[in-house]
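The first chain written gets the first letter, and so on, giving A, B, C and D; residue counts start at 1 in each chain.
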Amino acid sequence: MANFKGHALPGTFFLLFGLWWSIKYPFRHIRKRERQCGDGDRDRQKHTVLFNRIDLIEGALKIFFALLVSYKWIMAEQFVPDGPHGHLYHEGWVKLMNWQHSTMYLFFGISGIADVLSMSSRHVPVGLDRLSLSLALFVEGFLFYFHVHNRATLDQHIHSLLLVAVFGGSANTLLEVFKRDNMVLEFSRSSLAILQGTWFYQIGFVLYPLSGPPWDLETHDNIMFITMCFCWHYTVALLIVGICYCGVFWFSKWCDRRQAGDMEMGLRKCTASDSSSQKALLQESDEE
Amino acid sequence: MANFKGHALPGTFFLLFGLWWSIKYPFRHIRKRERQCGDGDRDRQKHTVLFNRIDLIEGALKIFFALLVSYKWIMAEQFVPDGPHGHLYHEGWVKLMNWQHSTMYLFFGISGIADVLSMSSRHVPVGLDRLSLSLALFVEGFLFYFHVHNRATLDQHIHSLLLVAVFGGSANTLLEVFKRDNMVLEFSRSSLAILQGTWFYQIGFVLYPLSGPPWDLETHDNIMFITMCFCWHYTVALLIVGICYCGVFWFSKWCDRRQAGDMEMGLRKCTASDSSSQKALLQESDEE
Amino acid sequence: MANFKGHALPGTFFLLFGLWWSIKYPFRHIRKRERQCGDGDRDRQKHTVLFNRIDLIEGALKIFFALLVSYKWIMAEQFVPDGPHGHLYHEGWVKLMNWQHSTMYLFFGISGIADVLSMSSRHVPVGLDRLSLSLALFVEGFLFYFHVHNRATLDQHIHSLLLVAVFGGSANTLLEVFKRDNMVLEFSRSSLAILQGTWFYQIGFVLYPLSGPPWDLETHDNIMFITMCFCWHYTVALLIVGICYCGVFWFSKWCDRRQAGDMEMGLRKCTASDSSSQKALLQESDEE
Amino acid sequence: MANFKGHALPGTFFLLFGLWWSIKYPFRHIRKRERQCGDGDRDRQKHTVLFNRIDLIEGALKIFFALLVSYKWIMAEQFVPDGPHGHLYHEGWVKLMNWQHSTMYLFFGISGIADVLSMSSRHVPVGLDRLSLSLALFVEGFLFYFHVHNRATLDQHIHSLLLVAVFGGSANTLLEVFKRDNMVLEFSRSSLAILQGTWFYQIGFVLYPLSGPPWDLETHDNIMFITMCFCWHYTVALLIVGICYCGVFWFSKWCDRRQAGDMEMGLRKCTASDSSSQKALLQESDEE
């Protein structure tokens, strides 16, 4: 996958997941808060079922992506007339790079399976989905770490910057095993996923420029620029996640207001109790 | 112990412990949940005693293994007619490698002693058993780290991959000192133990191949393959632990159903209260 | 910014923030304790509003500083007649160092924005302000880490000591996301900020001495002295924070005593209940 | 202090503290448990005061030691007729090594001051004593890390093993800031202090042998032996702490029994309620 497309594909994958998470989590938190303000038992039931179904689909999509990538690769490179036909060793290791990439996707597939299991059975230990995602990111970073040996300086550097995002995401998700449903952690996980996504694109642009002259892979100035560029990518990622959070919040408020036309009285009561419970919460966290 | 057997022995040790843990822990959790659903005080007492006895035996086995390995080694290499007869220094250090391996086993013996103490006295601080296991794994990794100095590249790499499993297990067990009886941590500890077990075998196969030509210990491709292979081992370890968990769960369900023939009414009540408490738990973790 | 002023500026910035924090936090804790001892609801309201406003101003100041520095730099170096006029690339990267420094300030600006948002809306997740400050410090350290490549030994060493303070502060603030309003963490954050401030000055004095001969940047003795010097800086930082804490405490006691002239009876009751709640707290933490 | 005595002095210091802690902490826990079993309010008061006084003395001793060492050194090396008379710089840095050692003692003095403050005022934030001890250990390790540059291989290695004990102790104490009065952490802190103490002696014996030929500082076998030896030291440290814990426990039991001659009835009741509360505690930790 040593070309631009090979980097754009995982980049798109992470970008989409980052965006999706930065919409899903604030939405869930807003719904959860609303449930606390006196909605009927029927509504609560409905929302829990809805979110479980969404998580189920998310897991299924992960499995699907992992299978798709593996399948495409198998068809494209393994079983062509003069391909290795699934042999890993034939007078030396065959297409090791591709096997490595498949291994990475394999662990994201496992993470998908853990998601599906967590949602479909109540006997699966809480936090297994987060642990498997953390593991998938760790394995990705682990393989990348030994991946870029013996390459040009800038090539190594740009990949080691990727590792910051990957291992950062892995550590973040590991924390979520123990601090589940923590908004700050979900916020930073979303932003790190988007960072990874855009950075994969950046790697593609630098190593396989679509136009213009190739980059000088040994100059120190280029390394310094790329380091700084990584920080700018994160600024953009933070901005995107921030906008998504605000968007979801305003959209949810607008929906509530429209609903209020139908049943004005009920909402007014709810808002009152909501704000008072909010105040209590604020004092509580203040005195913690 | 620089031969295949020397790597197969600890491999078997960790493999067995990993398998044993992946049966013991889900079993304990299922029993604990059942106890909460209205079983008599007599049953609860019975299970607590049973699990304490199992932990006691586990500790005793660790001590026994540690002693056995030390004894066998002492008889085989120390007190043969021209052996060093227990001398550590005789015109240079004598059989340092063996002393190092014995030191590793010593700490697993200490861990066994801590297990036995924890179970036999209620004055031993809670968590000492986990701390001593974490320590034993740390010492194993610590000695391995300085063990492979000045060796071939692949030899060093394959041992440093082992260290990932060893230190991962140590950190995992250290967390369990503070988050006791956390199913996710027990799950990952079991899988890391199995990974260590199978990886010891892999090291044996690579460095002392039973048949076929020896591996080229300097090629970069071999290093890349071994790194990837490590991930596959972990996939297998996760699969094994997953199957054990499912197996224990289904076996336990099947037992309950057979028991239900005897006392149908009691169980039905219990299941109802169980599922309702489950629902409460779900909501609680949801709102956390 | 490779001159004395370029190091004095951020030094002053951190020094001021460290001093400010070591006054703000003990003050807040004393007020919080007083609120618990039966003050009217009116007083409590007043103090919460006061402290929120202070945090708001702190955030605004951060944004203002970040903008000011960027603006000054843009005017001074970018848009002079023969400057690069905002171009980053013109036959090689232009003024990379300055762009790097601006990037650091950018993240402190983001931290300021997070502060302002946290205070002005109750929908922003609790802990986002701390996370963004931790991130700003991490980015600072991250850029510094790649900043000092290819320099003299002492230059590298003196900057890597700075990294100890920077990453220490970042880790400290990250912990505060989860352990909010922990006095010990606030104490050490204040001291680390002051350490960073004074150390920036020290770097300036060593690399760009105002008078006297330049330092020998390669002698091992100089490196050993600078390492030790770093510890002395921290001693001073601890001393300063300690004095601030004591000062705030005594000032607050003196205020209370003066107030007591007006309404003696109320205070006496308050002190009694305060000391008894203190005793209860002491026992509680004792038995924890 | 590059002689045997210079290593024996801090070794004795840490050994004594380790032994003292491994007696103080189990004693405190046993007394705390007894207080919970219905002793009068008078007894509780008495014990709290006793333990506070003990901690006060411990802090004062730390300050005293730190001052004594500094004083002795100042008298012995600074103000002799041809000494540097307190000058740090005189045609090059003067006696840097000694200044470094004094800096280490300085931070243990600060830790002592924090102990004294914590015990004498209830306004000092809880955990400051642990934080300052953690800091003192960190500074010790930090200075040692840059201390052994450019030395023989074995010299470097034996000091880097010391760092394992030092940084381990620092991390352990940092955890205690947040998990105060955790018996397992206190146990491991005591053992790490003893390990540090005996290892200082070991360093003295290896680098400045009292008798016999000097060690070969470059052989790889010596390095391997020393690594293993470090593990044996820890085994001994664990054994010592274990014996102290058991000793304190049995001594306390023996005292209780003697006391029981005087007031048999009261104790019997107490034991009963104690064991039942123990059982409740066991179940609680079991179901956690």
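Points worth noting:
Going forward, contacts are C-beta pairs under 8 Å (C-beta built on N, C-alpha and C of every residue); 3 or more make two chains touch, one makes a residue touch a chain.
What you see is a predicted model, and the numbers here were worked out from it, not measured in a lab.
Under the contact definition stated at the top, the chains bordering both subunit A and subunit D are B, C.
These two copies of the sequence, subunit B and subunit D, are related by a rotation of 90 degrees on CA atoms, to the nearest 5.
Note: the chain lying farthest from subunit D is A, by mean C-alpha position. Subunit D has its Cα centroid 32 Å from the Cα centroid of subunit C.
Shown for subunit C are the residues that touch two or more other chains, of which there are none.
If each chain is drawn as a node and touching chains are joined, the picture is one closed loop, every chain linked to exactly two others.
Of all possible chain pairs, those that touch are A-B, A-C, B-D, C-D. Residue ranges of subunit A in contact with subunit B, taken from their complex: 32, 36, 48, 88, 92-93, 96, 99-100, 103, 106-107, 110, 122-123, 125-128, 131, 139, 142-143, 146-147, 149-150, 177-178, 180-181. If you check the complex, the residues on subunit B that touch subunit A are 29, 164, 179, 183-184, 187-188, 220-225, 227-228, 231-232, 234-235, 238, 249, 278, 282-283, 285-288.
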